[in-house]
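Each of the next two complexes has chain A plus one more chain, namely chain B in the first and chain C in the second.
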Partner chain A sequence: MSTHVFKPDMPPPVKAVGVLAWMRNNLFSSWLNTLLTLFAVYLVWLIVPPLLQWAFINANWVGTTQADCTKHGACWVFIQQRFGQFMYGYYPSELRWRVDLTVWLAVIGAAPLFIARVPHKVVYGLAFLVMYPVLAYTLLHGGYLGLVAVATSQWGGLMLTLVIATVGIVGALPLGILLALGRRSRMPAVRVVCVTFIEFWRGVPLITVLFMSSVMLPLFLPEGMSFDKLLRAMIGVILFQSAYIAEVVRGGLQAIPKGQYEAAAAMGLGYWRAMGLVILPQALKLVIPGIVNTFIALFKDTSLVIIIGLFDLLNSVKQAAADPKWLGMATEGYVFAALVFWIFCFGMSRYSMHLERKLDTGHKR
Partner chain B sequence: MSEAIKQPVSPEGIIQMQGVNKWYGQFHVLKDINLNVRQGERIVLCGPSGSGKSTTIRCLNRLEEHQQGRIVVDGVELTNDLKQIEAIRREVGMVFQHFNLFPHLTILQNCTLAPMWVRKMPKRKAEEIAMHYLERVRIPEQANKYPGQLSGGQQQRVAIARALCMKPKIMLFDEPTSALDPEMVKEVLDTMIGLAEDGMTMLCVTHEMGFARTVANRVIFMDKGEIVEQAPPNDFFDRPQNERTKLFLSQILH
Partner chain C sequence: MQNKIGAPKGFSLSDPRVRAWLFQIITVVAVLGLGWYLFHNTQTNLQHRGITSGFDFLERSAGFGIAQHLIPYTESDSYSRVFVIGLLNTLLVTFIGIILATVLGFIVGVARLSPNWMISKLATVYVETFRNIPPLLQILFWYFAVFLTLPGPRGSINFGDTFFISNRGLNMPGASVAEGFWPFVGSLVVAVIAIVLMVRVANKRFEETGEPFHKFWVGLALFLAIPGLCALLIGSPLHWEVPQLKGFNFVGGWVLIPELLALTLALTIYTAAFIAEIVRSGIRSVSHGQTEAARSLGLREGPTLRKVIIPQALRVIIPPLTSQYLNLAKNSSLAAGIGYPEMVSLFAGTVLNQTGQAIEVIAITMSVYLAISISISLLMNWYNKRIALIER
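Let's look at the complex of A and B:
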C-alpha cells in the first residue's frame, strides 16, 4: 500500500511590493489610467492651494470686529465672536451652563451603554431612556426647582438642532419598528392603519409638514388652546421620519428566512417574544446602514425648521450674517455650519460601521 | 386501503389525529388522516416528495393549520386558541431540515432562550440544563460559538439539544438529515438513536431507511396526502402490502 505524500504549502509568488508597485498597479496601469491620474492631480493642484490660502494662510484668527479682518482670507473672527449664538441661539448667556450640563449628563449617562463589561445594560438603558428626557427638559426649560424658565422660542443654534434631531431619532425608531411590524401583521385592520399612515407621511414633503403644524394646526384647534411651536415641529419630525424607518425595517424583516419565524414559534414563544428576541435583533442588524442613512437625513432635515421661524444652527448663522456689523461674512458662516453638520453626520456613519462589525456573528452566507 | 395495523383512536394516545383534512387553496394536501401515537412510540413517516408527510407533522404543532378533523396532542385539542397552541408547543420539540438555529445568539443562548422566556427558568438553571444536553449531543465545547461557526452536522445536533432543553414529551423531526453533507448524516442519526433508546416519543419524516429499520416501532407510508400503509419496520420493508409502497421501496432501496 503506497502512502500519498501531500505537497507542502508554498508562499504566494512575490510580486513587487511597495509604493512604486502600488502606484504602477493602481495609478498608471494603462495609458487611460495615467491620463486620468494626471488630470486628477491637476484638479487637486487647481483647487486645494487656493482653498488652504483662504481658510488658513491668509485667514484672520484674532480680533473682535470686522475691522480686524484683512479681506484676503477667511474672517474666522466672525465665528469666534458669534460662537455663543451659533451654539445656544438666544438662550440667556448666564443660563447657558444648563445646556452644557444637559450635554454632559447625556455623555456621562450614556457612557456605560458603550462599555462592554457593564452588566444589566438593558435595564440601565431603559431607565436612562425614561429618566434623561425628564431631566433634560427640566434643565433646559426650567420653571421647576428654582430654575428660571427659558421659553423654547429662546432656544437656538446647535443646541436646538441637537434637541430636534435627538427627539426625532429616539421617537421615530420605536414608532417605525411598530409600524413595520403592523404592516406585516396578519390582522387586516392593523395592516390598513399602518399602510395608510406610512404612505401618507412618506407622500408629503417635510417642509409641508412643518408648515402645516405651525400655520394650519392652530386654525383647527379650539380657541385659546395652543401648544408649543417646537413641540409641534418635533412631533411632525417624528411622524414623518417614522414612516421612513418603518420601510427600512420592513426590508430587514422580509430578509429573515421563514425558518426563523417557525423555529421561534415551535418553541412556544408568542408573537412579541418571537419578534423581540429572535426576529428584530436580526432584522435591525441587517438594516443598520439604512437606519443610519435615515438618521443622517433627519439630522440635516432639522435645518428646515427655518420655515417656521425656529433658529437652529443654520438659521442662526443666516441671521448673524445679516447683522450690519458683520456684512459679507456669509461664506465663513456657512462653511462653519457645514463643518459642524459634517462632523455629526460623519460621526454617525463611523459609529454605524463600528456597530455592524461588532454585531457580526459570522453567519453571512 | 390495506392498513397492516388498525389502531383504534383511543384516549391514551399522546397524539390523536381524527379525520384530518387540509387544503392549500384548491389543492387537497391531507386527506382524511387518522393517526394515533402512544407514549414512547417511534414513528417514521416516508413517502415521495409532496406526499404530505411534512405537512402532517407540522400540523401537530400548528405550524400548519388543518381545516377539518380533530388533533389532540397531550390531552389538548388544537384549535384557534393561541393559549392552547402555545401550551402544546411547549411540550412538542421540533427539529427542522435547515436547523433554523438563531444566528445572532451563541449555541448556549440558543438553548436557553425558550426555557428562560417560555418556562420562566432562572438563567443559571437554564444554562445547566443546556450544558447537560449539549454534552449529550457531544458538543459542549462549542457552547460559546455562534451557529455560523459550526458544521451542518454540529448545527443539527445543537438544534436537537435546543429542542430537548424544553424537556418536551414529543419530538418531531422534519427531514433532519436531508440538508447535511453525507459524512455528517451518521452523527445526527446516532444522536436520534440515543434519544429513541431513552424512550422519547418521536415522529420522524426521513428517507433514512436504515434508521427506520433499527429505531421505528412503526413505519408510515404516505402518498398524495393519504396514509397508504403502516406497519412495523420488518413487515413494512420485507412484506409491503400495497403496490404503491412496493414501487416506492424499489426506487429508494437500490
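Let's look at the complex of A and C:
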C-alpha cells in the first residue's frame, strides 16, 4: 500500500502577490487611479524635498547669534537660544527647578492611575486631585515655606499654557456636570437658567470672553477688590469651558437607558444618590473620550490669551521673533510652536481613541 | 412628622413637589441676587470712575482710518458706522471661509476614503497635521511668516499681468457697473424662471410617461445661453479694470489685504480638516448593503452615489457640519491677533480703547456673535428638518 503524496503547492502568480500586485491594486487599478497617483506623487515631490532641505539639510544647528546662521536653511540656533523663554517665560532662571519639579510630581503622582492593577484608584485619584493643586500652587507661586514668591506676571511659555489648560478643565468639570444635570432637570426654573447659561457661552467666541474678563470683571467686583490678570483669564476660561463640558456630559446622560433611572428609584435612592451612585459613574465613563477632545480644544484655545497680553508659548514666540537681534526668525519660531502644540494634541487624540476602544465594554451590537 | 402615604398634606419637606418648588425659588432668588449684586457693583464703580453709561457714544465721530471697508468710510464718520464696517468684515470672512472650507473639506474627506493608497495617506496627513495646530498659530504663521515676507509690489508674483501677489496683498481686476448691467440681471432672472419651468414640465412628464429628460444639461445650456445672448446684444455688464504698477504701488482694480488673505487661508485650512473627518464618517455610516441594493436595482455608479449614498450620508453630515460653520464664524474673531478690522479687533479693540465704554461695547460684540450663531443654527436646523428621515 502506498500513501498518496501531494505535490508541493505552486507559488502564487507573480501578478497576485508582493509589491507589484499591491501597487497594481492600490495605485494603478484604472487610468483614473493612475492619474491620481501621479498627481499625489507630484504633490509630495513639490512639498517634501524643499521642506527637508530647509529643516534639516541646509539648517544651522550650532552657534549663539544670528550671524552664525550662514546656511540658507532654517536657523534652529534661535530656538536653542530662546528655549528657556519658550518653556518658562520670564520665570527666574535660578528658580526654574520648581516648575520642573511640579511637572515631575504630576507625572509621578498620576502614573498609578494609568496602571490597571493598582487598587483603590478612585480614592487615590480624588486625593491626588485635591492635594496636587495646592502643592503645585505652593511650588509655582511660592511665598510660603521659605520659597521665594514669583508673581504670575512672570509666568509664561509652555508652562503657562499648561497651567491655564489644566486649571480650565479641572475647574470646568464639576461646574459642567452640575449644568448638565440642571439641563435635564424636571424643574423648569432650574432648566431655563442652565440652558441660558450654556447657550450663552457656547454662542460667543472665547476672545470676547477673555476681553470681558479683562475689562468688565474689574467693574463687576466691589471696590478695592481686584484679581490679577491670570486669574481673570482663568475665570473666563472656566466659565466658557463648563458650557462645553456640560454638553458632552449631557450626551452621556442621555445615553443611559431609562431602566437605570427607574432601577435607582426602585431601590429607594433619592435624586443625588441615584445620580452619584448609579447614573453619573456610567455616564462619565461613556464621555471620557469626549472630555479629552474638549481638553484638546481648550489646549489649542489657550493660545488666545495672547489677546489680553499673557505670555503663553505662542506669545513668547511672537515676542522673540520681533526681537531686533533675531529679525526674520518668524518662520522658525512658529514652526517650533506648531510642533509643540501638535505633539500634545496629537498625543492626546491618540490617547482618547485608545480609551474609546478600552472603555467600550460591549454595549454595541 | 408623619404623613399618610400617597397623600401628603400641608407643608412637608419630604413632599417632592414642595421640595421642587423650594429648590426653584432658591435658584431664581440666587440668580437674581447675583445679578443685582453685579449690577450694583458696576453702578458704583462707574460712578466712582466718572464713566457715563449709555449708547450715545455711537453717534460720536470716530477719527481713525480703517484698512478695509466694504462701504464708504471717512475718519469723521461715527462709531456706529465703524460697527457696521466691522460686522461686514466679519461676515465677509465667515462667508468666504465657509464656502472654501466646505469645498476643500469634501474633497479631502472623499480622498481619505479613496482606494488609492497615496491619495488617502496624503489626506490623512493633511487632516492630522492641521487639526492639531491652534488656529491662531496658523493665522500668525500665514501672516507674519508668509504674506509679510513676500516681496513688495515691484517684485510681486505675477499671474498673467492680471493678478499680483505682494506683501501689500492680492491685487486683482476690479469690476464696475457698465451700461449692460441691469439688462444682464434681468436676463439672469429670466433664465432662472425658464429653468424652474423646464424642471417642472420635465418632472411631470417623467411621472406620467417614465421618459427621462436631461434636466441638468438643458438647464446649464439655458443658464449660459440667455445671459450670454443678452451680453452680446446689449454690451458687457461689467467693466474690468486691471491693476497697473505705478511708482511703488498698484493703481486700479481691487486689492485683498494680506490680513484678509492670511485669515481666510488659515481658517479654511483648519476648518476643512474637521469637515473632512465629518464627511468621511458620514459616508462610512451608509452601509454597504445600500450600494449593493442600488446596484441590484440596475442603477449605475453615478445615480447610486447621487440618489442613494449622498442623501443618506448628508443626514449624518449636516448636524456636525453646522457646528463647524459656527466654529468658523466664532474663530473669525481671531483676526484680532493680526489686526484685520473685524468686529473684535475693530470694535471691541480700537473703539473700546478710544471710548472706554467697556460694558456697552462688549455687550454689542457678544450679541452680534450670538445673533450670528443663532441664525446659522436656525438655517441649518431648517435644512436638517427638510432632509431628515421621515419614519412611518
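Throughout what follows, the second predicted complex is superposed on the first by the 315 of 365 C-alpha atoms of A that agree within 3 Å, B and C clash if a C-alpha of one lies under 4 Å from a C-alpha of the other, contacts with A are read in each partner's own complex, and residues count from 1 in each chain.
Everything that follows uses one rule, which is that a contact is a pair of C-beta atoms (placed from the backbone, for glycine too) under 8 Å apart; a residue touches a chain by one contact, two chains touch by 3 or more.
From a predicted model like this one, the values you see are computed outputs, not experimental measurements.
By the touch criterion defined above, A:I307 lies against chain C but remains apart from chain B after alignment on the C-alpha atoms of chain A.
Of the two partner chains, neither chain B nor chain C is touched by A:V195.
With both structures placed on the common chain, the touch criterion links A:L95 to neither chain B nor chain C. Taking chain A as the reference chain, the count of touched residues is higher for C when chain B and chain C are set side by side.
In the superposition on chain A, A:T208 makes contact with chain C only, while chain B stays out of contact range. In the superposed model, A:S29 lies in contact with chain C only, and not with chain B. Look at A:L178: by the touch rule set out above, it reaches neither chain B nor chain C.
On chain C, the positions that touch chain A within their shared complex are 20, 23-25, 27-28, 31, 38, 41-42, 44-46, 48, 114-119, 122, 128-129, 131-138, 140-141, 144-145, 149, 330-331, 333-334, 336-337, 344, 348, 352, 358-359, 362, 365-366, 369-370, 373-374. Contact residues of chain B toward chain A in the complex are 61, 63, 82, 86, 89-90, 92-94, 96, 98, 100-104, 113-114, 117-118, 146-149, 162-163, 166. For chain A in complex with chain B, the residues that touch the partner chain are 257, 259-260, 262-270, 273, 277-278, 281-282, 285, 359, 361-364.
Chain contact summary for the complex, chain A toward chain C: residues 26-27, 29, 33, 36-37, 40-41, 43-44, 186-190, 193, 200, 202-208, 211-212, 215-216, 218-223, 296, 300-301, 303-304, 306-307, 314, 318, 321, 328, 330-331, 334-335, 337-338, 341-342, 345-346, 349.
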